[in-house]
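Two complexes follow with subunit A in common, the first pairing it with subunit B and the second with subunit C.
Right after this comes the complex of A and B.
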């Protein structure tokens, strides 16, 4: 067994953990912003799959991963605009619309893929990586953590940017108020609908970017239903993180590491049923729920449409 | 007297013919339901193509409901039954709870996979197919060609059909070279469309030393293929991929070593014939090397001498000189892998 656990193998496991964590991180950060502003965004899976499709389309035809990320974010925003219109503007049920968006865009992207790529299944070339000097020389962890596409570092940087926005900026306060006491925000002269719409659009962009990362770097290809529930995991991470972006990062990395651990245990030939091994990531999430979920407090007006003057 | 005998005889013959027609079921159309599009060069495509071919040969209509996902297909089954389908083929292991329910509810025959115990005369048929004989040959070939003496099996789930192929492949590898390591990894529970997971796990298996990957995965197999195309083996050389069920040659970039190709048409044809003969649901269906319903794909990556050896082994398997029995249980499959500790 020991010869299997070479530096190369361990490096690949940790590299895989980071690759698996980034889409969850982006989706989780997006969902966190929506929830902060009072919008329960169940449609995030739909935004991710739309982003995955649009992102792959952009990268494939332009031969530029960056353009692919841009089109992916735009794809997520397009789905988010439906959510904004129906839930934020017209005040329809956020759960029903969210589920509808997820199912609708899973079907739509599968249909588009069928007409466009189902005979050719084009794949993207391996993504270029940005090497962080010195840190990438650390044995095992160095190549795994510091030899990634630039978008990975930007996603981690976003965690700190959002933490700053939530703690130090008026925008963060407005988002918080839109989710906790929207009437107070309204009285203060800030448009609640616009604040919530901004949050949902940003969620769409981040989820779309996460989907594009999943398709363009995680898989190098788009196939129908590729998100495989990543958006829903993003919702769980956002709820557990209690409004703190850094906790979303920790949760996403924990899930990624657990996924890699399942591979490591199987490669090592540990003779326990695969089903048990495959439960590890989900057991980790459940353990987090038990440990931290009890204390989690959601915004008071989460899921409740805002109507001026309504009691 | 004669004027009474002739009409009586005619009446007897006519009623005999009518009775016979009433007893043997009339098959007007068949329907097939698939979780993904029938263009995946794999499980879904082989199913759809086989249903079309079998229906055409029988001169009946075929209804294709594809890309249904892995959720609840009861509404689709009811709709197809209302459209008059004489047989509904539920072509996914995830459908084998819903389909028998609808069969019992609407009295329309269904075919399901991976559940031989569910047979019900006239109503529920099972086709738990196994390409284990072909997988065995693929294992022999992989062990002959591996430079690193390590091969990998990556699967996106553990349905019986795939278990038997994983086992067949591992048996083939060990029969060819007992020292060759077999690394076995499952992407996730029912991760059939998880292409990113397929790529991630395959990259890890390659990093652990495998230079030939035997992949079973529906949509996720494209992620495996991507990993093979973009990752070097530990010796710096090329990694090769062995696919199952379909033929991915049209989209190959020079990394496809072979595929255990299934032809399901004889199975569906047998189902139609059984429906007509009122023997449907009384027996299971099989595929194998003998009638070419299972065969190994020849690609330019296979040296001629290796191919010749494999063809000789194929003859031995068909003749029974080399017995290859299917192993459907996941625990038994894992026990066959090289580094498993009991």
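Right after this comes the complex of A and C.
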């Protein structure tokens, strides 16, 4: 057992946990903003996979990870713009369009990848990391938490920025109103469609960024269907977090530890099917829901398209 | 377009004749499908594949060739059960997104129990018991989201999604650790011999599961539209408050909807194993549920229309699988096509809706 909890093992475990958590964090934060504004964004998986592919292409051809992140976010925004047009502007059913976008972009990226790379899977060079001075000297945790790509710290910083936006800024209040009582927001002279569109575009950018991180840094490679339900996990995180960005971070880290535990245990020579460990976070969440399950505080107008003057 | 001529000549809503209403629906359904096929063809063209050749091959292999049509009809069986399960839930306002987990768990239970039971009882009885057993497991699996939704008001989208992730993992654990066939090196369950599986129809290779699937979806359609129970479910789906006011026990009905929906999704898994697959390999997950959801939406939760859309999906996927081998277009193109059909149809619906409103005003 002493082997199992060696410094190397713990270091790898926590490093992997952060790497696995970041895409979930970005997806969860994005979904949270959409849901706050009253749009149930089932298409987030499609936004992530589009971001993953666009991000990978950007990084592969420009040989710059930052350009890859930019193209990834742009890929997510492109998918988001379809969602904005159909669900926010036209008021079509958000679940139908969301599932359509997810299926469509999973299919499209796999198809494009097939025709572009056939069966080769080119690999990106390892990402350069930003070492946080002093903090990274802490034993075990230091290298695991403070030797990541700069984008990781920015993602964590975003949690606090969003918490500030939601609690202290007019924009946060507008978003909340768009989800809870859009008619009131309309009467107050704020464009509901524009507010919701802003939220969905932001979701697209964040989900695309998350997808790009997943492909470019998490895996260093793009394979079809690489997101593998990460977007849906984002939906779960957003709903559990009940509007609080900090809770999304906690949830993402919990899932990240469990995802990383599988690989870490295999490295340590203990062979448990990955499926057993992948069940842990869901079991934990379901147990929490059963024990503390009460009316979840979802926005009142979630999933209901806004039509001015409709009764 | 009856409403167009009506509003132009009389300046009011036209009297709806049943025939013209159906024709209107057909135009509104087939038109967008054609547009979606054209859009898909343009994508193929951009990728350097001849779309005429591709679609011709898909229709030839999925619908016209004898082996193709038999495969297509066999594929329809589990999809029809899934569609039936989803219609019950969606019409009652329950967003059961956990079909894939329920499907897969039931499939594993069917694959594990049928060969075992067949050792010491007649195979027809073994198949029936395996079918009932796996259906029961799927129902039990849906109990947690059902009770949470019914008595705690916890959103079922999140719980069923989580139960899907859990169910897929649990199914894999069961295949790899518990129901492993010791006689093969590949991690999979024991295989039900072809002779013990569901009988085939007449002299074809079509599994009789197709008949059961058709019965299931027609029964569900009639239940939802022609019975008091179905009416109660639709009231709950349309307006929960009104349902409470009219004295319906909403929690009980919600649990009943979950049980029916998950049971039918479980039957889909059982029918696929007992009729076609015979065993479950590790990491096998066809994810039919996610592709059937668009189909029942396209059919507007109508059972008979769902049969047509499931047929379309089966032709596209069986034909697409052949085309993948011959023309080098990966099967994911089918996924893309389904998505385009879904989105174009939704837009057509929107335009029609706006058009009707303009005619009213």
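As a convention for this text, the second predicted complex is superposed on the first by the 282 of 311 C-alpha atoms of A that agree within 3 Å, B and C clash if a C-alpha of one lies under 4 Å from a C-alpha of the other, contacts with A are read in each partner's own complex, and residues count from 1 in each chain.
Everything that follows uses one rule, which is that a contact is a pair of C-beta atoms (placed from the backbone, for glycine too) under 8 Å apart; a residue touches a chain by one contact, two chains touch by 3 or more.
This structure is a prediction, so every number in the text was calculated from the model and none was measured.
Applying the stated contact rule after C-alpha superposition, one finds that A:239 touches subunit C and leaves subunit B untouched. By the touch criterion defined above, A:289 reaches subunit C but does not reach subunit B.
When the shared chain is aligned, no partner comes close enough to touch A:28: not subunit B, not subunit C. Once the two complexes are laid over each other on the shared chain, residue contacts for A:98 go to neither subunit B nor subunit C.
Of the two partner chains placed by superposition, A:179 touches none, neither subunit B nor subunit C.
In the superposition on chain A, no contact is made by A:251 with either subunit B or subunit C. Of the two partner chains placed by the overlay, subunit B and subunit C both lie in contact with A:278.
When both complexes are overlaid on chain A, the residue A:58 reaches neither subunit B nor subunit C. Legend: residue contacts after superposition of the two complexes on their common chain; A:263 is shown touching subunit B, with no touch to subunit C. The intersection of subunit A residues touching subunit B with those touching subunit C, taken from the two complexes, comprises 106-107, 110-111, 114, 224, 273, 275, 278. Looking at the complex, you find that subunit A touches subunit B at residues 1, 4, 6, 8-9, 11-13, 15-16, 19-20, 23, 106-107, 110-111, 113-114, 118-121, 123, 125-126, 214-215, 218-226, 228, 259-260, 262-264, 266-271, 273-275, 277-278.
Looking at the complex, you find that subunit B touches subunit A at residues 36-37, 39-41, 67, 69, 158, 183-186, 188-189, 191, 193-201, 203-209, 219-220, 222-223, 225-226, 229-230, 234, 250-251, 253, 330-331, 334-335, 337-342.
Of all the residues in subunit A, the ones that touch subunit C in their complex are 40, 82, 86, 90-93, 95-97, 99-108, 110-112, 114-115, 224, 229, 232-233, 235-236, 239-240, 273, 275-276, 278-279, 282-283, 285-286, 289-290, 293-296, 298. Those residues of subunit C whose C-beta lies close enough to touch subunit A in the complex are 43, 47-48, 95, 144, 148, 152-155, 157-159, 161-163, 165-166, 169-170, 172-173, 176-177, 290-291, 293-294, 297, 329-330, 332-340, 342-343, 346-347, 349-350.
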